[in-house]
Amino acid sequence: MSNVFENLITKIKANPSSLFQKDFLLTWEKTYGELETILAVAEALKYLRDNNISAKVFDSGLAISQFRDNSTRTRFSFASAANLLGLAVQDLDEGKSQIAHGETVRETSAMISFLSDIIGIRDDMFLGAGNAYMREVGAALDEAYADGVLPQRPGIVNLQCDIDHPTQSMADLLHLKTVFGSLDNLKGKKIAMTWAYSPSYGKPLSVPQGIIGLMTRLGMQVDLAFPEGYGLIPEVVQLAGKQASDSGGSFRVTNSMDDAFKDADIVYPKSWAPFQVMERRTTLLRANDHDGLKSLEKECLANNARFMDWECTEDKMKLTKGGKALYMHCLPADISTVSCKQGEVEASVFERYRVPLYKQAGFKPYIIASMMLTNRFADPAETLKSLYESKTSRVR
Amino acid sequence: MSNVFENLITKIKANPSSLFQKDFLLTWEKTYGELETILAVAEALKYLRDNNISAKVFDSGLAISQFRDNSTRTRFSFASAANLLGLAVQDLDEGKSQIAHGETVRETSAMISFLSDIIGIRDDMFLGAGNAYMREVGAALDEAYADGVLPQRPGIVNLQCDIDHPTQSMADLLHLKTVFGSLDNLKGKKIAMTWAYSPSYGKPLSVPQGIIGLMTRLGMQVDLAFPEGYGLIPEVVQLAGKQASDSGGSFRVTNSMDDAFKDADIVYPKSWAPFQVMERRTTLLRANDHDGLKSLEKECLANNARFMDWECTEDKMKLTKGGKALYMHCLPADISTVSCKQGEVEASVFERYRVPLYKQAGFKPYIIASMMLTNRFADPAETLKSLYESKTSRVR
Amino acid sequence: MSNVFENLITKIKANPSSLFQKDFLLTWEKTYGELETILAVAEALKYLRDNNISAKVFDSGLAISQFRDNSTRTRFSFASAANLLGLAVQDLDEGKSQIAHGETVRETSAMISFLSDIIGIRDDMFLGAGNAYMREVGAALDEAYADGVLPQRPGIVNLQCDIDHPTQSMADLLHLKTVFGSLDNLKGKKIAMTWAYSPSYGKPLSVPQGIIGLMTRLGMQVDLAFPEGYGLIPEVVQLAGKQASDSGGSFRVTNSMDDAFKDADIVYPKSWAPFQVMERRTTLLRANDHDGLKSLEKECLANNARFMDWECTEDKMKLTKGGKALYMHCLPADISTVSCKQGEVEASVFERYRVPLYKQAGFKPYIIASMMLTNRFADPAETLKSLYESKTSRVR
């Protein structure tokens, strides 16, 4: 076995994990060791693919995707991950605007799962509803399995909800691990998760929440910056503070982008809608109040416009450690003069970091595949080892 | 080989069948032995899956699905069945409202079939058209195969038409076989296929027709009950009568739900639109007469409302054998106070039978897979045996 | 090895080709030997399929399809080809009307390609834009691969653009090779690529351009006929002339359908919109000028109506060599009295050639699979030989 692969296997074996048959809904529900396992399994799967070794652990089986919001990147990442492991994707398309409840969720969850191994759900439109919906599906699956309705209990992967975006934040972490050499090297590094101006509104909170909810566990100095009134879900902010102190890092909230950028090793400037706006928007969406939604949008865009200087410019980048902080984004970014008149980031900054940004995105299929594999296989190290040893070519 | 599996193989071998390369369009076009084979092959496939043995009989190949009406359950069942056997699903989406004719059907049928093994069709909106369309496709495929245009003649599986819903009724029968222990045990049992009130209208006739068209062949006492004016296609009702007398069972039509429920072993209360209404609706749909459709709907809902007491209540259930008849439904049901104010079934009745209902639905993927396999393999017993013996794991 | 298959392998080996890792965008960018290889690989893949030998060269992997115009035939051909080789299809559906540019194309191309092997694109609506878009995607993929963003550089297959329709013209050529016995036998044969009347308008130019751009390389006598004002892209017409003289054939443009049909061995009568109209239409589409589009359509249909005698009738067929020219069409055809009142072809002519037409269409999946395989495998002869020798059954 190659040294690289053997080290990954050793790392996976070293971490006692209970990812098996557990849904992946929030990173902070997982132990640090479990998160390390997710990363190492993702790296091992990438190693196999890069070396033309098949990672097909399923001879047949379905991976169901349910996208309750538009998506290209995550859709392709999910499809790639499923295909890598041997699963066929089947879309469940219930219509985007509809929030299913109670009986319908219970019944549909069973009906689609008779021969399914994995269900991936994206549901980020409604504050208080997305993650809750995933748990409702999970409870329905538990019940159907206990009742003997299902021969197996499919695993759920959160492809973005109102609270967290774990496949994004874990892909981001794998990117950081790759760039900085190890998770240990991230200790003490400063990351600035900051709001940025965008000419659109209503972007979900899951990315900034996912970042502060994950990076505070690495002993990093996490700064969260946003203009007054653009806060996140209070519980997640509290959690970030607690986690930072537990991990020997720090967590600070500031209303100054400059402050956050100062001496940062990593910056993550990204627009989002204020928590309170998302709450009002959810109420209006539920009520199907189109006029209310329109006037809320107008009000918010007007408010956004007060903060057009929250842009990741070359000048702002100069504030960072040696002027060379790693710029991150979940993509697509609002690039000033490129995808909009003025947006989250100056074109020259984005362009300088384009290649690392694309590499960052490239980890997502492997993170999703890792979440799938660790959900279905009790001993992922053994599973990966046997894939390596059987050396079936992916491409003949 | 396990005893269970060996018994299934023996049963399949015992029944000389000519399912090979024959479309599955109506259960009453198949011999009793052929239906037994469909059930046994379905059970064998379920055994393989439950024991983690791969049932992949296709290394590659396409299963085409054409849904001319919305569908979640049947869509997933079809996708699961195709995937179980190794086929990839490709949707043919011509637009729902369009009824293709003549040249178009002939040409499209050939064009989509060059590398296809199975075509599943759901076409239940137009009375007199759905099953006819399937036969038109079949004739086109026969011709294209005879002409050397196609290297193989793909098999057609009826996923619901205006006349029958064979994947539903056969899944229902496998459920009954499982609950009552054997097909023989169904002899003399009373099943009440009854209309039930629903606040919606236009539900297809294929389920009640499929049930009376199948269960009358098992020597059962089949009661069909509906309010005056809610009759089914007369030819199917006649056929049910003839089959009942041939099989040593009985078939009775009544306008009293209580009458049908009395001493029933099984009840299947379900709403449908009257045959005459479906005829008028088909004419209006063809004419694209929106106003006519609206006023027909209004008229029918008003008429439905006269029969709101056709609900499967706890009181009605007390009329059945020992008050303990098996409650069946093809799902989703209109559950009073749950999915609607008042509907087909009282909530407590539905809830008591929820687990068996879900199990009933769980047979459908295997029934569809069985129809696919018996269509493509001349000796299904040998095919299944060789799958068992090669013991390839489905999940590594 | 069978003689047939061995001869194909010998032919593929004889042709030094550089199809490996090169996009297939225009037939005239490929050498004659490369085109011969595409045909022979397609025939070899068809041989394998017809003899139930698996052609799965991918254990897993994605084939992405991007259809920027409606399609049933090409969609199914692409899906069949991908499945034949072991790839799963994933659709990229950006919305039909949108023309993506610059950053978006660069980014999306990378984002969908992390685990993808092939990208098939159909983009034929906008003159000057379709083929250009494919090259833009190609450049983005080159860059992403060079930057280490992608572990492999997916190959692009042109599924129809504004300039060429290579999977169609190559399938047509394989049909001609099959009917006439060899490519050599096509030398000196006369093919009439002629405009024909249709009651619709706006049909792309890619088929006639593809035909004259390919058939002029075979030493054929190619006649292009259309009513005054119905010209093709001038550069393609010029190229056809040059190629004809290089190959020892001829190329002639005429405004008389009779002239073109006279003594023709093959006729290909098909409607298209004039080049100048497509230019105006592209401008209007880009400007989203609905009124302009409507009035352009009206003007064009009126103009079309002046040429209703451009119909492939029995009388016109009598002008061809022995009255027995091979009639070709890319399908679907506008058949007079069948699919429209009056159209491109008389019903009895079409019906007489229906079987050959369907066979013609049946080559497309294999042509696409051949383009995929030669793009991904450096030594297609060896790849095909090893498939033959391992003799894995496609159907168990």
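So that you can tell them apart, the chains are marked A, B and C in the order they are listed, and the count of residues begins at 1 in each.
Assume contacts are C-beta pairs under 8 Å (C-beta built on N, C-alpha and C of every residue); 3 or more make two chains touch, one makes a residue touch a chain.
Fair warning: this is a prediction, and the values are worked out from it, not measured in the lab.
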| item | value |
| --- | --- |
| Pairwise touch network: line, ring, star, complete, or other | complete |
| Cα superposition angle of subunit B on its copy subunit C, in degrees to the nearest 5 | 120 |
| Classification of the subunit A:subunit C interface as same or different, half of numbers criterion | different |
| Centre-to-centre distance between subunit C and subunit A (centres being mean Cα positions), rounded to whole Å | 41 |
| Subunit C residues counted as touching two or more neighbouring chains | 56, 88 |
| Subunit B partner contacts - residues on subunit A that touch it in the complex | 56-62, 88, 90, 92, 94, 102-104, 107-108, 110-112, 114-117, 144, 147-151, 376-377, 383, 386-387 |
| For the subunit C and subunit B complex, residues of the former touching the latter | 49-50, 54-56, 72-73, 76-77, 79-80, 83-84, 86, 88-89, 331-332, 335, 338-339, 355, 358-359, 361-362, 365, 392-396 |
